[in-house]
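Note that chain A is present in both complexes that follow, paired respectively with chain B and with chain C.
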Partner chain A sequence: MKLTRIAIATVAIATTLSLTACGSDNNSGSSAAPTGAGASGSLKASGSSAQKNAMADWINSFQTANPGATIDYQANGSGAGVQDFNNSQTDFAGSDSPLKPEEATAAATRCSGNNAIDIPMVGGAIALAYNIDGVDSLVLDPKTAAAIFTGAITKWNDPAIAALNSGVTLPNATIATFHRSDSSGTTDNFTKWLIATTPSTYTLAGGKDWVAPGGQGAKGSDGVASSIATTKNSIGYVELSFVQTQKLKAAKIDNGGGAVEATSDAAAKTIAAATVSGTGNDLSLTIDRTVKDGASYPIVLVTYEITCEKGLAAAQSALVKSFLTFTASDEAQSALSSAGYVPITGDLLTKVRAAVAAIS
Partner chain B sequence: MSTQLRGSILPKWFAAALAMLSIGAALLIENTTNVSGIGGTTALAVVLYLVLQTAWSFTVEGRRHAVDRLFATLIYSSFVAAALPLATLIWQVVHKGIAQFNANFLSHSMRSVSPSKPGGGIYHALLGTLEQVGIATLIAVPIGILTAIYLVEYSRGGRLGKWISFFVDVMTGVPSIVAGLFIYTAFILTFGMERSGFAASLSLTILMMPVIVRATEEMLKIVPADLREASLALGIPQWKTILRIVLPTAIGGIITGVMLSVARVAGETAPLLLTTFLSQSINSNPFAGPQAAIPTFIWDQISSATPASLDRAWAGALTLILLIMIFYGTAKLIARYYAPKA
Partner chain C sequence: MNQGLSDPRSSISGSAVRRGDQIFRLITVGSGILILALMTSIGIFLTWKAIPSFSHNSSNFFTESKWFPDQSTPIFGIAALAFGTFVAALIAMILAVPTGIGTALFITYYAPKKIAGAMAFFIDLLAAVPSIIFGLWGLQFLMPHMQGVAAWLDRYLGFIPIFQNRSDLYTKSLLIAGVVLAIMILPTISAISREVFNQVPRNHVEAALALGATRWEMVRMAVLPFGRPGIISASMLGLGRALGETIAVALILSAVFEVNIHISEPGGNTFAANIALKWNEAGPNGLSALIASGLVLFLITLAVNSIARGIIARRKDFSGA
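Here is the complex of A and B:
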């Protein structure tokens, strides 16, 4: 009896120990560590789910180049990310919007009295994805978009839409609109565009929650995209990457200077032209959503990395700097386009690099 | 009237014929009207079957047989309705999870695996779940069993015992997210503790304890009082009676209760989202640094929403179900092994 028990316990312990030993972190298939591996240590970050997949790919590249470093990014939402950072749970936060004044005060305490800075790192484009049989090209302007999403226009062959699309046969069908049912930065940025460009048509409040009457809600970008894909004569606003993965068609947007296709390059132009409203190395942006040059795609969003300019523990600070230097590099930024994100370019990228260089 | 004692009985083939007739009629109705979907058609077929059978049986066999058949059919269809969701769920998880479920998946972490590419594995989360649940068990089992012993052997309906019983009941109903919030505010925000596997263990402990207390209490209650009295009559002190007579008699049921509580908390997601920090790499130290767990692994893969990560989420769900089945199986084996020999 006693012997059996001891035997069982031994087997149990041995199993646990062998289990601990057999796992592997190596997913690259090669065992040789790259030479000249520099950075090491571990970082924690959390926040915006909009930049989750971009961050995952960057972390993978960074960890592959620096096998001694481990970075974990938890996509628990912008608000939770900022809170985690201010509670010293993480080393940097990802956020859809720059720090609000009261958050900045809390962040200054966390950074031992120094300022926390907003660094724009990942851009995105919001496409108006539609599903109409036989219509491969559709142009919308802010007024018609606002009228469609508030229910003022209900048919695809409405004269206002037809006027923008001469030569296109639009069906006499009721428009099904889809919006986000959950609180999201996508809704926030889409309504910001409507409010900036056509305040007389879109008279409702902006913000992260959709308030316009009518239409159907769907949860998450994937929910909206798959709803559009399966519903004939529908339209909805969704990040460009989901348009690509679900093979949807996106409307061209005419802000007044000609129709612009929803592409990563066209959106990058709008982001590059944004003015910095932060002071010093704080690069919170003001985006001109009324841009009319006929080449910039106006419905964009920018997500920031938020960290201490000074005041992090030395080891953490060095690793944050090293990682953000990598994410601001040409290599990392150009990898964004293929994942459906929008890179930071031009003067703004230079400012981003200067801000990262100032972290100490 | 005939002189036979038995009334007329429907032939044996009637059930099959009637079932086919009902399904056929339901399909016809589905095609000709706008009733659609497999659920609606099934419900329609069952209702048709019930009505037709009762009517037929009533005219041929009489009222008593008709009522008997009606209730027999209702009971069988309730059983099928109850088992169907479970069967569908298991089929879905196995069907969708099996593609990614292999030795590589079990032995590798997600470190440096792109969300959009296949590969990687669940090892880091499996290790995390085993450690977190293991620590939670180590804390909850002694407290839970000792509380139950107090309630049954010492308090015997006293005022303190009643209060403890009441609060254990309240704790049983605490939603898991509240347990997570408690640890998050009390330990992480107030004391600045790092989010870790250990913080997760603490929140799981809160969920396990009442289950263990209740299960142990029930098992101790059914130990015959004669055994205790016989032991005490021989001059054996109470603590020794409990340790050598009461506990060994009830041990099978207690172990089952403990294993069931382990299985219950192993799949908890809500408290882990607040108390652990999700990692893609292996971390065998539950006391420091980010550590993954299977439920948070599944959550993370779903939120990436790429085809490859959804495959991983299904394989993760399959792993979790298998793990919990192993817990249940072990519980049954141990309970049988320790059951008092009659």
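Here is the complex of A and C:
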């Protein structure tokens, strides 16, 4: 299923690119195999594992359309990605968080005195996946979610959960909570949501490492998802795509304006409404995780591509620009939702394209 | 002791030293020095990289059980890691050493020749299974099936604190990790013990049998005393693997940073698993702290092996080896 979809997307993208590359002067462009069209050269990149699958799909499409280009993305983690970039080992970095001030200073040196910019490119939704026999619909608000994950609520039929789920029969069973045992941007963004929405219940520190006591850790989103799938009466936070692949159910989240289902579209609304806190073409975002419009899914994450606005070697700069132009295209962004990610949309996407266009 | 005799080299060949001898000597000495140099440089590297984290730790490295080295006020320590590493390895040893020796004895002295050959082959094959496979198998297959065992231990032996389970969750525990580790180190222990048992002098065995010993008595009097140093070194090699096993443990354990003696409850963490889980996203201080924990593991392994060497050296005189 997925392969066919990717194949179709690839052919579609290849055709479009070959059309734009050839212009109107010669062949009609009906052939899907452009010869030597577009960009060439090789790029190295590394960083966030959250965007690994998106990158893999995009690189595949891009290389098919531009046989002369080779792009290598190593998903070695955001921290390592930024470090590789600042040490001039890569041409761009993928990261779950924008550059910190001290990283930005090092990046400016790497970009021969120019600014490095954060470009939001891949969005994600974090789902609260659960496995309870006979419960097909579950609504949670920030307060109960925080209480469940910190161990303040231990039974599924707790009055606080029951109050949000009238009509649903919840079992008198101990809740098994799962969190990430490895350091992860998913944990970071999930705790950011708890801290933003219910600071009085979730009083712990945020960050990439899970700090709340109790619960069970599992390695990677796949580890958490498969643990939930094999453990009755369990709940855990995973990226949305793993809910689909493991056939789990995801809780609806009620931030105060009504329950919202965890879907790519609902998450895209939250991301599109983010305000840009960076200056100029640096698009580091501030996300409003307390959104209460009843249509936006609030637990989201955004991963950035980080590169030099100016100051990369000319050939590398051209290829980075060409690749990021492709990833910001409608085709590439719409391919994201089918891979379980969340596309960048609206005004924000326009800003992303402007930032990419400014790379030189 | 042989000083009294004339130098054998000069008596055999006229010339003092042959070129081949020199080269060979150079190679062997070089290899020996290389190993020492490698060990030293690993030690120096770990210490060098670990030092920065110590000055940034707001807690005691040896008694703190939390591990948050990248917070604005870093707090990290190895108490929980050391405890988990020790307990998981101990469970593995308790299960694997008797089983390993038993299998080795069965193959060498009890099983018919045909079956013995096949069994030896399969046990060696077990050693060739990559550890990630053991991890996945432990996580997907063993864990669901171990819950009944853990629940039974809790119900009937729950008065002993280590078997008590205060939650009703029996997954992702040190007990399961220990069982998987036991299976992983079983081939090491079994294969080395088997080699040693095979070398028991035939005449010891035959003498025991001729004196009217039963097979068990023969094993007890002739085989086990002879094989003891071998059993110890086999166990220590197994222990080394259990202490350092990374990915299988990282997949199975819940990776909680607390010292919990209730081994069937979710929790536990080990040095190696923690390094594997935290390395990718660690900040500068986090990396340094992880290397510091690696240094501790390095020293523990070194100590374990030295103790094993010591025991073997002391027992050698009695074993007839």
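FYI, the second predicted complex is superposed on the first by the 325 of 360 C-alpha atoms of A that agree within 3 Å, B and C clash if a C-alpha of one lies under 4 Å from a C-alpha of the other, contacts with A are read in each partner's own complex, and residues count from 1 in each chain.
Just so it is clear, a residue touches a chain if its C-beta (ideal position, glycine included) is under 8 Å from a C-beta of that chain, and two chains touch if they have at least 3 such contacts.
Given the structure is predicted, the values throughout are model-derived calculations rather than measurements.
Enquirer: Who does A:Pro298 touch here: chain B (first), chain C (second), both, or neither?
Expert: Once the two structures are laid over each other on A, A:Pro298 reaches no partner at all.
Enquirer: Just checking: does A:Ala339 make contact with chain B only, chain C only, both, or neither of them? Give me first, second, both or neither.
Expert: Touch status of A:Ala339: first partner only.
Enquirer: Touching A:Ser184 in the superposition: chain B (first), chain C (second), both, neither?
Expert: Once the two structures are laid over each other on A, A:Ser184 reaches chain C alone.
Enquirer: Just chain B (first), just chain C (second), both, or neither: which does A:Ala218 touch?
Expert: A:Ala218 contacts chain C only, not chain B.
Enquirer: If we overlay the two complexes on their shared chain A, which of chain B and chain C does A:Ala205 touch? Say first, second, both or neither.
Expert: In the superposition, A:Ala205 touches chain C alone.
Enquirer: Between chain B (first) and chain C (second), which, if any, makes contact with A:Ser49: first, second, both or neither?
Expert: A:Ser49: touches chain B and chain C.
Enquirer: Should A:Gly124 be classified as contacting the first partner (chain B), the second (chain C), both, or neither?
Expert: Neither: A:Gly124 stays clear of chain B and chain C.
Enquirer: Mind working out whether A:Asp72 is in touch with chain B, chain C, both or neither, as first, second, both or neither?
Expert: first
Enquirer: Go through chain A and flag every residue that touches chain B in one model and chain C in the other.
Expert: Comparing the two interfaces on chain A, one with chain B and one with chain C, the shared residues are 49, 76.
Enquirer: Going by the contact rule at the top, pick out the chain B residues touching chain A in the complex.
Expert: Interface residues on the chain B side: 107-116, 119-121, 123-124, 127, 130, 188-189, 192, 194-195, 273, 277-282, 284, 289-290, 300, 303-306.
Enquirer: Can you tell me which positions in chain A touch chain B when the two form their complex?
Expert: 16, 19-20, 22-28, 42, 44, 46, 49, 52-53, 56-57, 59-60, 63-64, 70, 72, 74-76, 87-90, 220-222, 245, 339
Enquirer: For chain C, which residues count as touching chain A in their complex?
Expert: Residues in contact with chain A: 67-68, 70-71, 139-140, 143-144, 167-169, 171-172, 250-251, 253-256, 258, 266-267, 277-283, 286.
Enquirer: Please name which positions on chain A make contact with chain C in the complex.
Expert: Touching chain C: residues 49, 76-80, 174, 176, 181-185, 205, 207-209, 211, 213-219, 223, 226-227, 230-231 of chain A.
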